[in-house]
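Listed below are the structures to be examined.
In the two complexes that follow, chain A is the common piece, with chain B as its partner first and chain C second.
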Partner chain A sequence: MEFTEDQILRYSRHILLPEVGGEGQEKLLNAKVVLVGAGGLGSPVGYYLAAAGVGTIGVIDNDRVEISNLQRQIAHNTKRLGVLKAESAKETFETLNHDVNVVMHKERLSSANIKGIIKDYDIVVDGSDNFPTRYLVNDACVMLKKTLISAAVFRFEGQVMSIYPGQGPCYRCLFEVPPPAGMVPSCQEAGILGVVTGVIGTLQATEVVKAILGIGEPLRGKLLLWNALDMSFRTVKVPRNKECPVCGEKPTITELIDYEQFCSMSH
Partner chain B sequence: MTRDEERAVALTIARHDLTTILDHCSAAYPNEACGILGGTNGRVGKVYPMRNVRPSPVSYEMDAAEQFRVMKDIRQAGLVLVGIFHSHISSPAYPSSVDVEQAYWPGTLFPNYPEAVYVILSLRDQGQPVIKGYLIRDGAVSDVPVNVE
Partner chain C sequence: MPIKVRIPTPLQKLTNGKPEVECSAKNVAEMVDVLEKDYPGMKDRLSEGGKVRRFINIYVNDEDIRFMNKEDTALKDGDSISIVPAIAGGR
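Then we have the complex of A and B:
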């Protein structure tokens, strides 16, 4: 592909890197990445992917921008209160970079629609705020063999893991089933330091860009934990679970499950 | 100080405090008993026997309101949470899979009480109770010696 003069300037700091170059930039422009949620995590992920020139960014979200989101969800702003987050994110990301086409999926994910949505993308980024969605996304990605960059945040901490179905563990290898409703303490009280979503989201974006370029070592079989208070990064090895119900040797989950929505941590 | 340095390398407990724990656990037998340990620098200063709101030989659950009261008392006494204890009725003094699961915020490896030593008292042999301490962190269980003075 021929870069325009603007593109050569826009992506010059990428093209200068031998590990990226014109070839890598072309991969980025041709890549298709879908974000599950345009909230605390999806905002920085989408922002950096748009800046990097990822050509197609899908945004799955059916919520509207609320004022309590703006402490961390940087894709949105005060003028967009009440606007669908998918629309707000499209405006933000496409304004940053006209090379980017943001495809809006203004719907709530379920077993009925998830495969149809993610099948057209190369990489799925989970920035969801609840267990039913997190397990649904994991299972669908395993079934369709889609690379999944999974993350979670809570208070002052965050974790990231990259899931390459068939090549490493999935989320269920580590946390086999969602916790029972009674085990999740009062979710409304679960605070989050806004910037934590920024750090963890940009770590997710880093994993996406590396995956597209095929460079470096992904967080495959490794869970990265970060704590804001002591600025510590820890990496925990996660083995594949042969008895994993979805990616193990004899999977017992062969169809998608809609777990009951019992908690929204509202990240 | 980093979190590593804050981590207890040992938990020290006075003999009379150990007796309090033993008595509380024996009284609840054949169900599990639980409690909280306040202290400083890995030394237990006060034992809080807690009510097990779901009495069972295989699990325990503390009362949330009682927990809040105890945490407040610990703060006001100038102490910190140094440990959480419970008894095992028919299994060794080692964290069960549920114990490990409950040490983290669900679906994550974020520790709920990063500073706490998990103390388990096994009453499998009632004549010979066994007490052991553990850290449950980063997806792993590691031993913490419990010294009785």
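Then we have the complex of A and C:
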């Protein structure tokens, strides 16, 4: 691949890194990454991936921008209130970098559409806001063997884990089933410090870029826990669960499940 | 030196906002009982029928008790326990 002069300048700080170089930049430009949600996590992930020159970024979101989103969802702005988040994110990411093609998926994920959407991407980034979607995304990624960079936030803390199906644990190895309705308060009930989504989202973006470049050690088999209040980063081990219902030795989940939308909010 | 227990944000209501508490217990099951005594309501949030709830993991140092001796996993002074619930926020 031949870089244009603009591209050599734009990506010069990447190309200077021996671990990236022209070859790595080419991998980024050829990569296809899909974001589940263009909200608190999806905004910084998409922003940094666009800046990095990830050539194709899919955005799955059917919500519209609301004023209460703008405390943290930096892909959107006040002028775009009422606009579909997928459209707003496309505008933001493509304005930052014309090398990026943002593909909009203006639909809510379900067992019926998820495989058809994610099959064309190399990496899936989960920034969803509810358990049914998290389990749906995990199970679909395991079934299609897609790398999944998963993260979640709650008030002042966040969790990040990279899932490489077949090579490490999945989300169900970590938490086998979603909590029952009402056991875990939603973001809307609980609140979220805006910048927490920024920290966790950029950690996710880091894992995506490393996965594309094939450098460093991914958060595979490890869960990263971050707390804003004491600024602590901790990792705990996540072994593969032989009895995992979706990626274990005798899987019992062989079809996708639509859990009830018991904890959805802002929809 | 007692055992240190990291309390996740969703359960800090029960510990008056404290992110870390100390206790003494010989195994995880006993730790849950001791926490219940000090912070009533904790046992029900953490366990059901004597088993840790499936959407909550307990780590001794950085090891998941599900892959050790589960609720019988032995604890010793100086251990650092993390209680980690599934969280789902992202938007």
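Throughout what follows, the second predicted complex is superposed on the first by the 259 of 267 C-alpha atoms of A that agree within 3 Å, B and C clash if a C-alpha of one lies under 4 Å from a C-alpha of the other, contacts with A are read in each partner's own complex, and residues count from 1 in each chain.
Just so it is clear, contacts are C-beta pairs under 8 Å (C-beta built on N, C-alpha and C of every residue); 3 or more make two chains touch, one makes a residue touch a chain.
Remember, predicted model here, so these are calculated numbers, not experimental data.
Three-chain overlay on chain A, with chain B and chain C in a clash. When the two complexes are overlaid on their common chain A, residue A:Thr92 makes contact with neither chain B nor chain C. Shared-chain residue A:Ser162: touches no atom of chain B or chain C. Contacts of A:Ile192 after superposition on the shared chain: chain C is touched, whereas chain B is not. Contact comparison for chain A: of chain B and chain C, C touches the greater number of residues.
Residue contacts after overlaying the shared chain place A:Gly42 against chain C, while chain B stays out of touching range. Residues common to the contacts of chain A with chain B and with chain C across the two structures: 131, 134, 152, 154-155, 157, 159, 174-175, 178-179, 183-184, 223, 225, 227, 230, 234, 236, 238.
Within the complex formed with chain B, the chain A residues making contact are 131, 134, 152, 154-155, 157, 159, 174-175, 178-179, 183-184, 223, 225, 227, 230, 232, 234, 236, 238. Interface residues of chain A, counted against chain C in their complex, comprise 37, 39-42, 63, 69, 73, 126-131, 134, 151-159, 174-179, 183-187, 190, 192, 197, 223, 225, 227, 229-230, 234-239, 241, 263, 265-266.
The touching residues of chain B, counted against chain A in their complex, run 2-4, 101-102, 105-110, 138-140.
Those residues of chain C that touch chain A in the shared complex are 8-10, 19, 53-55, 57, 59, 62-64, 66-67, 82, 84-91.
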